[in-house]
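Per-chain numbering from 1; labels A, B, C, D, E and F assigned in written order.
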Amino acid sequence: MTPELLSALYIFVLAMFLGFAVITKVPPLLHTPLMSGSNAISGVTVLAALLVTGSQQGPLQTILGVIAVALAMTNVVGGYLVTDRMLQMFKKKPGEK
Amino acid sequence: MTPELLSALYIFVLAMFLGFAVITKVPPLLHTPLMSGSNAISGVTVLAALLVTGSQQGPLQTILGVIAVALAMTNVVGGYLVTDRMLQMFKKKPGEK
Amino acid sequence: MTAREIFIALAYMIAAACFVVGLIWLQTPKRARAGNILSALGMLLAVIATLLAKEIVDYSMIVLGIVIGTAAGAWMARTVPMTGMPQMVGLLNGFGGAASALIAAAEYFHYAAGKGPALDLTIAILLTMLIGAVTFSGSMIAAGKLQGVVNERAVTYPFQQPINLILALTILATGAYLVIDFAHPWVFGYFIVASLVLGVLFTIPIGGADMPVIICLLNSFSGLAAAMAGFVVKNNALIISGSLVGASGIILTQIMCWAMNRSIGNVLFSAFGATVTAGAGGKSAAGKTVKPIQADEAAILLAYAQLVIIVPGYGMAVSQAQHAVRQLADELGKRSVAVKYAIHPVAGRMPGHMNVLLAEANVPYDQLYDMDQINDEFQRADVAIVLGANDVVNPAARYDKSSPIYGMPILNTDHAKNIIVMKRSMNPGFAGIENELFYHDKTRMLFGDAKESLTKLINEVKSV
Amino acid sequence: MTAREIFIALAYMIAAACFVVGLIWLQTPKRARAGNILSALGMLLAVIATLLAKEIVDYSMIVLGIVIGTAAGAWMARTVPMTGMPQMVGLLNGFGGAASALIAAAEYFHYAAGKGPALDLTIAILLTMLIGAVTFSGSMIAAGKLQGVVNERAVTYPFQQPINLILALTILATGAYLVIDFAHPWVFGYFIVASLVLGVLFTIPIGGADMPVIICLLNSFSGLAAAMAGFVVKNNALIISGSLVGASGIILTQIMCWAMNRSIGNVLFSAFGATVTAGAGGKSAAGKTVKPIQADEAAILLAYAQLVIIVPGYGMAVSQAQHAVRQLADELGKRSVAVKYAIHPVAGRMPGHMNVLLAEANVPYDQLYDMDQINDEFQRADVAIVLGANDVVNPAARYDKSSPIYGMPILNTDHAKNIIVMKRSMNPGFAGIENELFYHDKTRMLFGDAKESLTKLINEVKSV
Amino acid sequence: MKFAVPKETAPHERRVALTPETVGKLAKAGQTVAIESQAGAGAACPDRDYEAAGAKIITEAKALWSEAEIVLKIQKPTPQEIALLREGAVLIGLLQPLIHPELVQQLAQRRVTAFSLDMIPRITRAQTMDVLSSQSTVAGYKAVLLASQFLPKFFPMLSTAAGTIAPAKVFVIGAGVAGLQAIATARRLGALVQAFDVRPAVKQEVESLGAKFVGLALEEAADKSGYAKELSEEHKQQERELIAKHVKESDVVITTALVPGKRAPLLITKEMVTPMKPGSVIIDLAAEQGGNCELTRAGQETHTNGVTVLGPVNLPSQMSFHASQMFSRNMHAFLHLLLTKEGKLNLDFNDEIIKGSCVTHEGKVL
Amino acid sequence: MKFAVPKETAPHERRVALTPETVGKLAKAGQTVAIESQAGAGAACPDRDYEAAGAKIITEAKALWSEAEIVLKIQKPTPQEIALLREGAVLIGLLQPLIHPELVQQLAQRRVTAFSLDMIPRITRAQTMDVLSSQSTVAGYKAVLLASQFLPKFFPMLSTAAGTIAPAKVFVIGAGVAGLQAIATARRLGALVQAFDVRPAVKQEVESLGAKFVGLALEEAADKSGYAKELSEEHKQQERELIAKHVKESDVVITTALVPGKRAPLLITKEMVTPMKPGSVIIDLAAEQGGNCELTRAGQETHTNGVTVLGPVNLPSQMSFHASQMFSRNMHAFLHLLLTKEGKLNLDFNDEIIKGSCVTHEGKVL
């Protein structure tokens, strides 16, 4: 176990903590948008895919990588757009103070 | 800038985030106990003092270190005990459901 | 450390901050949209920063992947019908899991060709593969169930437990083998297949009604997969965002289960999900089901309405909820929701029963409407609240000649766009007969004593 | 990595978790004590883990330091009177800062003896020194002001701004010098002295009433100092806990300022703190001051009371707060607080004015007490709420022969242990005269329309 | 059809069977309505309003009666009036056929089709024509006001510079329609209200008005139709003790206990009244059915030991405008049942309501 | 000291100056109290209660009057009664000296020390002895009940199977003590209440009872002492139009407008009454001071176009028990001021209250 890995683990644990702390009482009407929004974030794996694809490790890696990029990108783009569509119902009413 | 430092910075930033996220709306009556409680935590610097004192870097370091241990330990022990005294007023009443 | 590296590190931190704040904002209706947009901007920043990384030397393939992914994502999001949203989310989630799995595979072959990675890296790669694959296959089944492509009932099969055990052992064994000796593509292949099968077997025994919860859980998994991938490619942004999603997803799953009055364990491992709708509510003797609603959701429905009509009945009197209902009306009034009371001639147990109580609570007379004045307005109402009333809103009075209340004029509550019924149980009212209104598509039941429910509702409306 | 190291890393993580959860629990009265204990356990674990670290080779001095520190801390905590708590916290905080500064000094001399540390380490040492020293001297001044040892008024002196500027430049210059060339103990000495002076100058111009806020800010600093020390000794537990305290301390400072209706900037840089109490409330023409209270604090006072007596007056009628007050009473009743209403014979503007309204709100008759029945009970009341009443609780009626209300019997509100007055302003009532009750030591003013204040109060009581 | 509304001739009767509002509705539907001059005077409905609504004002009562096809009344007609009716005419009103068999006999002889509104079965569909409910509502409300007029005390609690006034204690016996309305009204005025009844459902109903229910509600005391029935001797004893206790402590007692078709139960004896505080008031709404209190004299005011006992007769008539309005709307709902869309008479004796309320038809007593 | 409480002899007066409760307090303080037999009968205070409280019951009025050192009355005494008084005796009651100068003259001649409770200055300290306030409270409450007795309508809104009953509209003119109490009582019964007054402070006071204030409150209409004063001609015109509009729309009008020492302002003319709905009721509480309505006849009931106008005289007497209780407590508070701790008379003419309320002393009119 390298100190590097140890630090990464610390980061992992802290981020988990943050994740737990961040979600509190969500009204059920927002369960689906919230899930969908955080699903889009989980598409962050696209970063790893980019690194794999771009670093020319070999043709196999590049092919797997480019598929991964495409899939993860679909997840990210689709995820954010779908969430936004769901959330349009909360547009502010004109009369509201 | 070493990767080690970078990780330490990440940890620092994440912990700051966590610190921000953790404090929400505190009733004024709890301002002082909360401050006092977190003051006790800030005595965590005792860990550094222990390391300095115990690692026999030299007589000067040891002397500075032992003073630091004593001060930080006062902070820790005094802080927690004082906080506890302040909080005794929130003991559950017998009649309460 | 170069300036570029510092920029990248900074960008990652900002992106992480965007994700955190975005998630927080997504929890209140008012800022949810902004939160989503902020989160998306964070992602954009993270992607741009990554593209600047010195490891990346060739952009051609990357562009290809990005273009395809963006196009596909945009198209899917544009075309999916509102009703298809949940399965869409499931599908996308599966893609994310698959991407992580593919990265694990790529890295596997990368290292398998060389001298094999360090222990921690091996474990990271295997975990990424396992979780990614489970996420992928599980999400596909879940989406399929919601879409109706896969049998949406809870599928049970013989020897379920032994099969699961064998599967788990297979994964463990192949994993251990690979840890000891890395370069065995066939063993890795077994590992992949076993992981995919695990995802399927994990999801298939769960009924369609519980799928949203499962997708949420799988979403948490895909976050974890991303975090593991972060360990593999040594990228802190991935670790942070991935574990953020992993943790928040689990909390959200928990909250969703609470909202259904179930535990996670119950959702995952019981045969309760055997019918499509059972998870969502109770069932009447005749097989009709009612849909319950919680105060928080009802509050949102009310807060975003234009016109709310309250139909008080004997239950309001029994629970002495007159003051509470006025308060709710006041609270809605502050949000410029119009509130009217529909007073049925025989609501309660004596002539003028509702008037006595509402006057006590100082409800202005000009908010009270009698049946003839208001019956045509129900169709314009976004929500009708049936507050401890029953017979006076029973549609059977209109057509069921055998009913003891046949011929009594009733309030057209069923014409409203949404109906929230507040009562304690499914017990009948004075006439002792069932009320089909409660089983109506548009009706949601807020069970509990009227006064207590109202108190909750007021709090929730305030916090919306 | 050895098993010992893994254990230590694990222990640190658990300790960090204890701190986080402890801080969260400290925010609700119910779990505050448990939170503090949890946090203390975390600290114990962290200390034990550190003692196991392989860097530590000699324990004798450590034991000495620990024994002294523990004894001192325990003794101080035991003996400090309740009223001395704030300065005690300030003092302890200063100790924490001093410890960090001492570590920086020790490390400085350690590295100065050798070939000098890397750039990042140099900066970390200097920052630890700077923040630690500022925390120390600032806390000492703050504690001194609260104790009355140091002049508690806001001390201003000529050329304040230029002096501060020179000081800042000194620190910057010596710091830069040390970064370039590390081994110059005298320069380091200047740096220390300048830092200490900065702490003094930072605190001395701020008035005694604002000291709690300043101590909170300094507490945040001492957390940062600990975090910096973590960078120096390369210890993640320090970084995490230190920055946790640093960040939460800033938020808490912000919240405390809000509670005083001030901004942080205003507290730090205005001459507003010139008198002892000005920060805490308004002032009457005669120089007397009133102490405001916010709904959340009032709620805690009420929620933990045994007996609350409500004194309604004309203001309740004007704001039509009768329903709200009954709700508050109900809410308190649920928490088994006894609630009584004290009805003065001439409260309001017509005979029976209060009765009419309270009956409308369905307040049970047996909670209403007239003056003769309740006047002796006030001394047993934990809180008396004066709800838009004024003349009927004015003690001047008892002894001030020149007062137009002299001779009128009044409610003994001033005998209660705490008094919360709810009115909109300091305006007088019907008789047009000042009311000294409002300036009483035990009295806190909850300004605002009675109904609105009550609504807030009800919410807060629910959430206590 | 030709409708006729005569002026009520019973003493102290100020109501009228149709108000101008209902007359207007009938006229619009093409019916002819004749009103006796000054018929609505006591109910604040002047002749000009009837004319404006489309009615014909008839000064001559004889002409009115003899020309009418349907006569709408509140109180039962006198023999003289019946004698004026055409054969086959329809008469609707509060006829109380069980109490007045001789009247029924005469109506049958004249081959009049007579409906008694008090005989309408109390089913859900009949609620709009339920005159017993509507008039009881008035009586219950009015009973409290009557009590407040005689009681030398305030109803509400008042804290004043001249001392604190204790709230009046009101005890309501029998919480049917009138009793519940009395409870509600007394509570409105700020009194402390307690109520007693024998039917079990009543407890919750009383509490739903914020008042207190006293005593044991006995399961057996209600029959299927929701009316009260008579009690066993043992329960009667318990009931007596309970009532005695609460009567003694009360400032106002309002009794409404009835058992259909029987003399009203005697619930308050002279002995129970004696220990009451001087100035207290008892309002006996059951006076016409014999009274719930031993001291009640229907239509009279008696004083015993400083306690006033009132046995008001026809209280609704004292609030003639709204009592008439409600009666008139009930009547309109009932007519709706008797007439076809085109406005012709169409008696469907399979209909529960028509069957239940018809007293005589084609010479036969039903 | 020897106190005496005669039976009130004015017609319809049912109150009594001291209730047994207060008699008990005086007796405990060592005073002798003589009560004329049956003095409290009208106020539900039987002789036995007085005896129990320590009073002597005197059957012979003459003896009572002539032996007393302090006589406590409600209404002014008759000349015959005054003639019976001992020289130097003290008489306390509602003497209205400005209206009855001849009475004052006679008292002075008899060298009686007379206090008129209506002359007590309305300062804070005097609130406990303010009989005008306490009796106005009763009058305001009673006025609404009186209206409800005559109005052929419900006060509250009721939705029933026999249609929806609209709430009664009540208009209160003059929102002093009586007016405010009337507003509160009418609101309790569920009426829609509007009120009008000329004093500016009244708007908020009316709203503090949940009712609606109409019209412009004019700054100038109140003098320092808080009483109303007369208005300028222009404002009177505006006032008339406003009142006419609201009177027309109302079911019940209650007027209480007074200007101290003057005839009550005439606010409602015959023309304003004519367009009112038949059945409407006007209660004029200012009847004794000449009336706020042109049609008012003090103590009588008049009917015009179906509108009933009542000018009740001495309404508090109709709620004799509590009116007496409040009066008696006021009286006790006043006596507290006149007597030393030992119970001896001690008149401190520097005291604002004693000075203000004393009418005659040692043969002089003050």
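Throughout what follows, a contact is a pair of C-beta atoms (placed from the backbone, for glycine too) under 8 Å apart; a residue touches a chain by one contact, two chains touch by 3 or more.
Just so you know, these numbers come straight off a predicted model, no measurement behind them.
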{"item": "Chains contacting each of chain E and chain F, listed by label", "value": "C, D"}
{"item": "Chain located farthest away, centre of chain D as origin (C-alpha)", "value": "E"}
{"item": "Comparison of C-E and B-D by number of C-beta pairs in contact, larger one", "value": "B-D"}
{"item": "Inter-centroid spacing, chain E versus chain D (mean Cα positions, whole Å)", "value": "69"}
{"item": "Rounded Å distance, chain B centre to chain F centre (Cα mean)", "value": "73"}
{"item": "Approximate Å spacing (C-alpha centroids) for the pair chain B, chain C", "value": "39"}
{"item": "Residues of chain E touching at least two other chains", "value": "127-128, 133-134, 137, 156, 158, 160-163, 165, 188, 190, 210"}
{"item": "Shared-contact residues (touching 2 or more other chains) in chain D", "value": "16, 20, 24, 236, 240, 320, 345-346, 351-352, 356, 359-360, 362"}
{"item": "Touching two or more other chains - residue numbers and ranges from chain A", "value": "1-2, 4, 7-8, 10-11, 13-15, 17-18, 21-22"}
{"item": "Every chain pair in contact, whichever chains are involved", "value": "A-B, A-C, A-D, B-C, B-D, C-D, C-E, C-F, D-E, D-F, E-F"}
{"item": "Complex interface listing, chain D residues touching chain F", "value": "314, 317-318, 320, 345-346, 348-353, 356-357, 359-360, 391, 404-408, 431"}
{"item": "Residue ranges of chain B touching chain C (in the complex, touch as defined)", "value": "1-2, 6-7, 9-10, 13-14, 17, 21"}
{"item": "List of chain C residues in touch with chain B within their complex", "value": "1, 5-6, 9, 13, 16-17, 20, 24, 236, 240"}
{"item": "Of all residues in chain A, those that touch chain B in their complex", "value": "3-4, 7-8, 10-11, 14-15, 17-18, 21-22"}
{"item": "Residues of chain F touching chain E in the complex", "value": "14, 43-46, 127-128, 130-131, 133-134, 137-138, 141, 145-146, 148-149, 151-154, 156, 158, 160-163, 165, 185, 188-190, 277-279, 306, 318-323, 325-327, 329-330"}
